[in-house]
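Quick notes on the structure that follows.
Naming follows writing order (A, B, C, D and E), and every chain is counted from residue 1.
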Amino acid sequence: MLKAEKLTKSFGGNKAVNEVDFHIRKGEITAIIGPNGAGKTTFFNLISGFHQPTSGRLLLEGVDVTKKPSYRMAKMGVARTFQTTKLFAEATVIDNLIVGHRLRTKSGLMGAVIQSKRYKRDESACIEKALQVLDFVGASDLAYRPVASISQEAQKRVAIALALATNPKLVLLDEPAAGINADETSGLADLIKKMKQAGLTVCIIEHKMQMIMNLADRIMVLNQGTKIAEGTPAEISQNETVIEAYLGGAHHAQAH
Amino acid sequence: ACGNQPTSGGGGQTKVVNIGWSGPQSGGAALYGKNTLDGLQMAVDDINAAGGIQVGKDKVTLKLVPLDDKYAPNETATNARRLKTEHKATIIFTPHSGGVFAMQTFNAQEKFLIAAYTSEPKVTEAKNPLTVRIPPRYDTYPKPFSEEMMKRFGKKVALVPGTHQYAKDWSAIFKKTWTELGGEIVAENPVDYNKESDFAPAVTKALAAKPDVLFVGGASQPTALVIKAARDQGFKGGFILMDQAKVEEIEPVLKDPKMMEGVIGVMPASQLPNEGTKKFVESYQKKFGADKIPTSEVSYHYSAMFVFAKAMELAGTTEDAAAIRAKVNEAAKQMTPDKIPTPVSGLAEDGALITEPKATTMKDGKYIEIPLPVSK
Amino acid sequence: MLKLIDVSVKYGSFKALHSINLEIHAGELVVLLGANGAGKSTIFRTISGLLKPTNGQVQFMGQSIGGWSPNRIVKSGIAQCPEGRKLFPEMSVLKNLVLGGYIHRKDKSAIARSLEHVFDLFPVLYDKKEQPAGSLSGGQQQMVAIARALMARPKLLLLDEPSVGLAPLVVEQMFLTIEKINRDGTGVLLAEQNAFAALQIAHRGYIIENGHLVLEGTSETLRDNEEVRRAYIGA
Amino acid sequence: MDLFFQQIVNGLVLGSIYSLVALGITLIYGIMHLPNFAHGHLYMLGAYLTFLMMTLYGFSYWPAILVSVAALVVIGMLLERLVFRPLQNAPHINMMIAAVGVMLFIEATARKMWGSDYQRLDSPYDGVINLFGLTITEQRLIVIVSAIALMVGLNLFLKRTVIGSTIEAMAQNREGAFLVGINANKVSLLTFAIASGLAAAAASLAAPINLVYPSMGAMVNLKAFVIIVLGGMGSIPGAVLGGYILGLAESMSGTYINSEYKDLAAFVLLVLILTVKPTGLFAKEAR
Amino acid sequence: MKSFFPSKWVAALLLVTAIAIPLLTSNTYYLNMLIMAFIWTIAVSGMNIIAGYTGQLSLAQAGFFGIGAYSLGLLMTKAEMSFLASLAIAVALTGIIGAVVGIISLRLKGHYFAIFSLCVGVIILLVIEKWESLTEGIRGLLGIPIPKIGSFEFASMSSQYYLILFFLVLAMFVNQRIVRSLVGRTFISIRNSEELAEALGINVMRNKILAFVHSTVLAGLAGALYAGYIRFLGPDIASVEHTFDMLLYLLVGGISTLWGPLVGTTLVMILMQLLQSWQEYRMIFFGPLLVLIVMFLPYGIMGALNRLKTKRDSRLLSTPDENAPFQRGVPDHRLAGGEIDA
């Protein structure tokens, strides 16, 4: 689905991502883990077009998308959430979501002013999509609440719904479970599984190992910008380098 | 709606007539605006103190209604409409050409008289039937100024005038006159007199061309600084002052009268040898302080107000703008030099008051008068 | 050492805390558990003086600090590592930390010692000390925030979800660190999502729901409580 | 060549004044994120106060400046306390409009109290110095020297003292500053005090070269904004360098192009620089 | 989607009143006041789109007003074109210049953009002032003919009034359609978070330029109408003070509300006229009033009314109006960056 070849990003002299080769396979849940500052978010920024790589190549379903800006990537089917949940704070949930489908519509300013047929079609498509994704993430009852007034966990769901509203093929989730409790985390994991069942490809950054180990098909581990391991959860949890760099001893006590 | 209120009186009625004024009361030109307004207010007070004017059977006193237009023409237009409809003003003064032009688009239609304090010739060239221009055109000055300076200092002039329209028009005529007289223009470097933080750079550049004479002019006080900057940088030649800058205002800024040596400009309105002028200066100083000198804006407005008051008397109406305008010439002729500070001798065909400005220059530490041709 | 008596707080017309009674004894490590939006951060902000209680009293070392300004409260010995970090993003890490010791600014050598201490705890920060704090990764910034709070050498340390965004390895170390700080005599109030780990190091804990304190007890009792297990610790 | 060096000197004088004004604006912007459009009018107030001290109360030049600076410090603090602090949490644009309100108020009050007349502030330093064929009045030399002294002093204060770095800290995160025990309100008061004091000093230094009148601050203000955008908003070296760049650019373009177009030149310069570098010359890199 | 004027009836009533006014009074001053208020409202409503809804505070609005005005004036006087053609070209030209300026300036963010656009405004002013061979410089452009459509001359005040009222209604109608449409939502999403909008596949730059051009077109339209009405132009109409006036109208009326521009412009202009007789005390009073307004009415009049209403509505929040899937929350606190960072 998405292939990174020797992807590199440096800030000044500091290589935040260093020659990473990686392949996200269609229909799978892929996870990226690694210590703080390992370059995970930067890697996401690269593959979603928010940063331009210093060198290396990026292929989406065989097409070279290396220098595509983020809005082009979104149109090509790559949606993302942010490490800090970003939502349009003062609008209602549904209003947030309607814009999410805007990229799939074509009518412009003129159409809106004269309320052309196509415009009206576009508008109802957006509303329909919004309701649909809201239902998908299980937050239909929050549709008319201002975003600022709903719980953090609900905001995370809405953020995912927003990504889904763009009709993506690949969804990138940056620490979706940060700051929510165990109960809610498992609910979120269920949602991610459901996305996979619906045929989406998911790539996820997370520190909550318990969740990742149960969820991911494959895991890549980054450390100081370089890939130090890649494999199934089982392989990764046995990998000495990874344990030393990231998981530590407690992991065993907690995850199993 | 407080104009023309009749109050009970003897034979006829006693009425109050509003005189409109729209000019700058805030912003950079506020001082200029205030001067024009002071002149009008003094005239109105004096006229009323003398019992007002007799219009037909009615005794009429005048009331000044000033509105701020921040020097912006569109505000002048709004103010004029308000003065006309709300205050029933038939005569509206404005001290800037932009405001005049703005009002000229509708004054004939709405029937009010523009009293234009601007020496911009276009104001009268437009042949607006209800406009009276008060001050003289500026094109009377350049020739005598140039001749005098050329004789005394030499043929090379550098120009450091302001960037406003008036300065530009003046400079254009001046340049033409100077070259026609065989002079040479060695540098031209206009600066914005109102906004400039430091005149030294501009003066430096002008002096680099080694001129004999500097042409300067804008408001008096910044003009003084230009003169000072030139003297500080060692300039020994003469200065030609545009009429907007006034000798009597420049001198106190410079402090050192020696710096004024070789300056030529319009003779202070307050120094005319007339009876009217002396009386006026006295009463002005009584009102604003003994050290204050009325500028020409003050004097001209004072005089003009008397002319218009007389014209209303002669026309026998305070409302019919055209009739009043028709009597301005006659009114001006009746204004003898003992009544008003700036003598006017009639209304020229193009609608300008006919006045007699004079020039002055400092030579060997003393001011001497230079005659000017009569403006028409 | 710290006592909240019947404290209520409002955001506009929305009542975020309802008559909270909470106590931390000297040298204690107390954990505050609650779902998102329950009001944990509101408690922290109230203690630090960023919010004024509409009702009730906040007492620290016997003094009522309810109406005090934040800087006065910091001076009296309460430091906070806030939610959202609140770093000075364009200043170097080092300067952030030095400002953390602002209240001890007169004592240069004490600041130097504190610096050494926090760099021991978070060696990564030493390598990044000249970098602007805003250019660090999320987790590294979290470390700066904790370290900055420690620089004040507080009597009572408030940690609002310090493990957010930290790698497991670092989290583990951090909990050890917190435990150590506490053993050295500093009182700690800790809000955590990672309830399991938090309860392992805490002496006591409170559970807050929708602005009400619903449960209070020693770590053991809370850990054994069926509902707490289900809601906060996970299967 | 003489002309060139003479204009350099002139440019330095202008630049010194611009820098001092721009510094104040940039400091306040840093703390409050407020583009203080009223700053030019504080500048005007400073000039008037010095003028009045000298004419009404017979102070000599330097003591008059001190009084004026002190008065502006107080006025600045009052503004912070009464107008801008209460608006801290309102939308930023509201603070901007409030600044416009303050500006209107100050100008109208000055007009009412002191009239619209141009006033002349006389400094005792009226002499002319000749140096290597360049002429410079003593006052101009004083402007350059004192401006540089003030700027060096300010820089030392900000970088070397803890109080100074609290100003920086506040600029970056108000709540963070609260939490390390900085009395944030005191710091923003202090900032306003410094900025207003600088404006008064700049005005008093510049006034003898120019005139004192109610709208004297307007253009300086606009130029100062050009400068801080040029230098990077909130950047202190940016304000200083930007001030000198603009001062020199103006005196040079006045000489070699046409002084009528030099204002245009200043703005076009800005547009060009920002087109190439959208965050100004000295913007700090931040994520 | 509910603003304070919930029903079309209020709008209709206002329109009928507006149409009736010239029939009720022939006082040219009152008509003049309304005409000026309408003209400025058009320009302010443009500012509202770029600053209020898209979150990019443009301070070049008076400059574009000037471009529109001078374009019409020059086309009618120097090229002797008809009013309608001049109007169309003037508006189009302003839009084109707006697009160029937008492409350059919208790369800047936040206050940089604001001050940069302020400087663009100053440049426009200076160009108008200095390009004397074209614009007549400070002397001003004289002799703009009376607007004519076909053989009808807009010579009387009331005919001008209707002409300008027509364009005001048109502008407000178009704005309303835009704001409530997907395009408007796109603008709002940019105001809230450019990053998020970008991630959602929105071409942020293009949309910002679109909003900017729309705002300049409205400024140009207002300027052109102004030129046709006042028939004399001086460079000062493009001065920065007018931009601040507009900003003030917008804030008092309520930024990012549909009716804010009209309410604010009319009210403040009337207030200023009422204060005229105070002369030099006017600004001493008005300055502090301005401060008080932004302090106690931070979202403007319409913003405050909308808030009151949302508050009332929020009590019924659990039962949302089935027929109104487009319900909007309260207007934003901030011009840009209203995202939640959790």
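Here, a contact is a pair of C-beta atoms (placed from the backbone, for glycine too) under 8 Å apart; a residue touches a chain by one contact, two chains touch by 3 or more.
Worth saying up front: this structure is predicted, and the values here are computed from it rather than measured.
Trainee: From chain A, what is the lowest number of touch steps before chain C is reached?
Mentor: Step count on the best path from chain A to chain C: 1.
Trainee: Trace the shortest chain of touching neighbours from chain A to chain E and give its length in steps.
Mentor: 1
Trainee: Let me check something: if the centre of a chain is the mean of its CA atoms, which chain is farthest from chain E?
Mentor: C
Trainee: Measuring centre to centre with CA averages, how many angstrom lie between chain A and chain B?
Mentor: Between these chains, centre-to-centre, one finds 74 Å.
Trainee: Averaged over CA atoms, how far is the centre of chain B from the centre of chain E? Could you give it in whole Å?
Mentor: Averaging C-alpha atoms per chain gives centres 39 Å apart.
Trainee: Taking each chain's centre as the mean of its CA atoms, how far is chain C from chain E in angstrom?
Mentor: Chain centres of chain C and chain E, defined by C-alpha means, are spaced 49 Å apart.
Trainee: Scan chain E for residues touching two or more other chains and write them down.
Mentor: Within chain E, residues 280, 282-283, 333, 341 contact more than one other chain.
Trainee: Pull out every residue in chain B that's touching 2 or more other chains.
Mentor: 26
Trainee: If I count partner chains per residue in chain A, which residues reach a count of at least 2?
Mentor: 152, 179
Trainee: Who touches whom among the chains?
Mentor: A-C, A-E, B-D, B-E, C-D, D-E
Trainee: Tell me, which parts of chain C touch chain D in their complex?
Mentor: Against chain D, the touching part of chain C is residues 48-50, 69-71, 74-75, 79-80, 82, 85-91, 95, 98-103, 105, 132, 134-135, 148-149, 151-152.
Trainee: Okay, in this complex, where on chain A does chain E touch?
Mentor: For chain A paired with chain E, touching residues are 48, 50, 69-71, 74-75, 79-80, 82, 84-92, 94-95, 98-100, 102-103, 105, 107-109, 112-113, 115, 119, 122-123, 126-127, 143-148, 152, 155-156, 162-163, 165-166, 179.
Trainee: Residues of chain D touching chain E in their complex?
Mentor: Contacts found on chain D: 29, 33, 35, 83, 86-87, 90-98, 100-109, 111-112, 222, 225-226, 228-229, 233, 260-261, 263-264, 267-268, 270-271, 274-275, 278-280.
Trainee: Which of the residues in chain B come into contact with chain D in the complex?
Mentor: 26-28, 30-31, 33-34, 163, 189-192, 194-202, 204-205, 208, 219-222, 224-225, 232-234, 252-253, 255
Trainee: Mind pulling up the chain C residues that touch chain A in the complex?
Mentor: Residue positions touching the partner: 35-37, 124, 135-140, 142-143, 161, 164-172, 193, 195-196, 230-234.
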